[in-house]
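Chain nomenclature is as follows: A, B, C and D, assigned in order of appearance, with residue numbering initiated at 1 for each chain independently.
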Amino acid sequence: MTPLETGSRFRHTARIMDTSKFNTAITSTKPDEILLRGYPIEQLMGNVDFGQAVYLLFRGELPSAKVGRLMTAMLVSSIDHGPAAPSVNGARLSASTGAPLNACVAAGILNINRFHGGAIEDCAIAILEITKRAEAESIGLDVATENVLNEYRQRKFRVAGFGHRLHQADPRTPRLFALAEEAGVCGKFIETCKLIEAGLSKQLGKRLPINVDGAIGAVLLELGFETELMNGFFMIARVPGLIAQSHEETTREKKMRKIIPGTHAYDGPAKRDVQTD
Amino acid sequence: MTPLETGSRFRHTARIMDTSKFNTAITSTKPDEILLRGYPIEQLMGNVDFGQAVYLLFRGELPSAKVGRLMTAMLVSSIDHGPAAPSVNGARLSASTGAPLNACVAAGILNINRFHGGAIEDCAIAILEITKRAEAESIGLDVATENVLNEYRQRKFRVAGFGHRLHQADPRTPRLFALAEEAGVCGKFIETCKLIEAGLSKQLGKRLPINVDGAIGAVLLELGFETELMNGFFMIARVPGLIAQSHEETTREKKMRKIIPGTHAYDGPAKRDVQTD
Amino acid sequence: MTPLETGSRFRHTARIMDTSKFNTAITSTKPDEILLRGYPIEQLMGNVDFGQAVYLLFRGELPSAKVGRLMTAMLVSSIDHGPAAPSVNGARLSASTGAPLNACVAAGILNINRFHGGAIEDCAIAILEITKRAEAESIGLDVATENVLNEYRQRKFRVAGFGHRLHQADPRTPRLFALAEEAGVCGKFIETCKLIEAGLSKQLGKRLPINVDGAIGAVLLELGFETELMNGFFMIARVPGLIAQSHEETTREKKMRKIIPGTHAYDGPAKRDVQTD
Amino acid sequence: MTPLETGSRFRHTARIMDTSKFNTAITSTKPDEILLRGYPIEQLMGNVDFGQAVYLLFRGELPSAKVGRLMTAMLVSSIDHGPAAPSVNGARLSASTGAPLNACVAAGILNINRFHGGAIEDCAIAILEITKRAEAESIGLDVATENVLNEYRQRKFRVAGFGHRLHQADPRTPRLFALAEEAGVCGKFIETCKLIEAGLSKQLGKRLPINVDGAIGAVLLELGFETELMNGFFMIARVPGLIAQSHEETTREKKMRKIIPGTHAYDGPAKRDVQTD
């Protein structure tokens, strides 16, 4: 550990407590008036979808309906992935001990960390590094990608957001990129994400396709999101899954059972198509 | 404490652990295929809004677009209410100690309990009791409401979902009922909710208007939701607010400051109208 | 659901917020002075063991050294029981996703509920009911026990704190009762606990021995603890185990591994005796 | 952000899940036998204090009774510091919304982070850096301390564990060092801690005394603890305080009150001396 590394831990420590008033730029509440980033909440209700509302909260402005649709599609893409995900496993485990619903959700949320859900943010950071490098050194994105991947390899770092335990061709990734194109938000970040995929395939001699986390990271960069908020995006998406799975555990399973991840079977409705009109 | 009361605690205790496989009816995952209640996730992405996806997860079927719009409107109605709410206060407090985002969210979620967020479920239970009483005793909803409110009064119980610390005429309530009417889901539960409001006003000699929690409870009953899932609905809605507020605390405020609920001012955008077209 | 049952949910709802000052009787802090229940903390340090300090915090008075030794013995008895306990399973699962130590502990604590750890409180409630019944009806503890167990049986309630998934003769139970006798705290609650054991054996035709949770519940009643604090007692005891197990997961195991409860082997020191002098 | 910094985030990402059995060296459970680090738990019960048991779990061996007494004294020193500490504030806030006890504790634990409770670990890291520097450069601890403090100053890093919001002469620090001396564990880490105190006073022109966190960090280093476990030590110590304070909130205060940190008064027993014999 170098001084830089240990020292960096001390930056903000132990400031004197401060009792002054504080400001918020998110929500204004007065008797009979609630404004979200300035918009009366009753005007938002029924007129924006949830993706637009989340964008408004995080970025400060209402996006177009197309961008809202893209935001919502990303939320839907991560709403659930079955009982084996560590966040769901944790929520079911809590449910199994008799925990109330909010404790199950909290336990699940506490499992969304670097190694689960964190790939969105980590992939975005890698993409950002490449695009900044390209700009700083006036080189192409392709060269910058190659250089950064080589450096990572030497340092034995892995880029998050590529490859999946289960999926070879994750159906969510192409769908998400198609919706991004429809919304007109395809730029250098998505391009770089695809360059990383190609570079990793070359480097490793096998295809390591962009997974849904990597794709979301790239799209959120296109939409101007700060990387610090990206794990939060995954939490918003996954909470409905945590609740539905905890509730299923409580209502269908014996208490205190031994929960083995991956031993479940699916007994829900057979495959069926979404009817759009 | 009577035997019934203490004894009721022992119903499920200490079953033998069971190692058998289990089933889930929510999500099916196979290589390159993810089905939510049977629907391919890439078909849901871009074609349903988040409210529809949540309804699908909780109720098992895709609702109409109108019902989806109603679901989303309810989620938007509760997405944030400023820093004084105990869930947000808790999330900001964690952020102030240097907690990562998911710990802030978990701390906030742990504050969604009977006295904060719980009014949705509690109001729905009261409404259900009245509608069941009316049916069982073949009396009108108005008489059943009066009878149940009188009983509650005698027992010194309060009905949750009416009155608000800040709002006299919460703008979210009429908007929500209007959207419910548009979606064609106005039935006996919303009617009963309004009868309770009238009954409480008579009983107390002052208006105790339906607040947004009470209204959501009534609408979720109309949509067939189990009361056990209603607090979960509030969690889904509020997580974006918890994240935006935690992030604001981290980026705008001093560490370890003394956080006094209600001392904040709003310095965001001035009031503006949603442009719909 | 009867009115009583649903109504009981509304007892405390939605009180007006109150900004008045509040009192604490636990700890006084002034510049250079910290008093716990009146005792200067530097006098407690080095002079009391942790069990005494916990008793002081919860009951308001310093117990004798003997009672302190008994308190500490109970804490030690529950400090860890290996990776299969749901609280430890949850903590390890979080650790496996890259959670910081406090998130692992929080996730573990959230799994201490009615069906795990809750037997201390539930057993104590059953014991209390029997002793109150004996007093109210002027009958012997043996008759009261038989009556209550028969009622429970009819209602299909189970008494918590008896029987164990793994142990037939839990070595902690007799040790704890022996220490309680040494400390002079053997009274009607421990007696009743033993009567329940006998009654259950008769009722079920097989031995269902008092487990460590049941024994702790009985001893805490003898020490005057409120049942509401008893689950808390288990949390205090188990936190060191949660930490040691989370740390072991982080330092010995691969990230994001599939954690199957009960698949572990022990590779620590061989059995050895405590040297006392 | 340099490649090193961002890249370091990817070290362990997304390993393939692994279903193999795992080992634990902490606790062995067999029918009717529980061994902690090899010791039968019923032998530990009544023969070791809680500090010894924690040491055994974390370090693998039973310490002497003197070291156990020192461990316990450290746990007692941090058991509570009143309602204003962010962990307690968070626990009380949860209690105020109607949370069960374990959710209050979890919420409190989630507030133990770098800026609250984290000073133990951060101070230990700084001490370690100085002692390693002294060894590596064959210079005295005093010179190494001066060099490191100068570097920190240039980089605007602050050393944690010195100074206190409330106390100028924290009574816990000298008591702890006296007990460490009694236990024979006063070495270079405590010496370095005192050198930092002197160095900071010189640097800042005012006394910034070692606080209890700094002192605990130094003593835990003397006892051979890994820095990664030190925040955990604080959690163990504080859980009883979180429980007692949450319980007091629930039993003495109105629901959903506005909790303002620092507005409490103390109405417990007057100052009194610990009777030792």
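Basically, contacts are C-beta pairs under 8 Å (C-beta built on N, C-alpha and C of every residue); 3 or more make two chains touch, one makes a residue touch a chain.
Model, not experiment: these values are computed from the prediction.
Between the contact lists of subunit C and subunit D, the overlap consists of A, B. Two chain pairs are in question, B-C and A-B; the one with more C-beta pairs in contact is A-B.
The chain with its Cα centroid farthest from the Cα centroid of subunit A is C.
Over half of the residue numbers at the interface between copies subunit A and subunit D are found on both sides, making the touching surfaces mostly the same.
Rounded to whole angstrom units, the spacing between the C-alpha centres of subunit A and subunit C is 39. Per-chain Cα centroids separate subunit B from subunit C by 33 Å.
For the pair subunit A and subunit B, the distance between C-alpha centroids works out to 24 Å.
Of all residues in subunit B, those touching 2 or more other chains are 12, 14, 17, 98, 102-103, 106-107, 110, 112-115, 118, 255-256, 258-260, listed in ascending order.
If each chain is drawn as a node and touching chains are joined, the picture has every node linked to every other. Across the complex, subunit C is touched by residues 12-15, 17-51, 53-54, 57-58, 60, 62, 69-70, 72-77, 79-84, 98, 101-103, 105-107, 109-110, 112-113, 166-172, 174-176, 179, 182, 228-229, 231-232, 235-236, 239-241, 243-245, 247-248, 252-260, 263-274, 276 of subunit D. Per the touch definition, subunit C reaches subunit A in the complex via residues 86-87, 89-90, 93-94, 96-99, 103-104, 106-107, 110-116, 118, 255-256, 258-262.
The touching residues of subunit C, counted against subunit B in their complex, run 1, 3-4, 6-17, 100, 102-103, 106, 114-115, 118-119, 122, 125-126, 128-129, 148, 151-152, 155-160, 163, 165.
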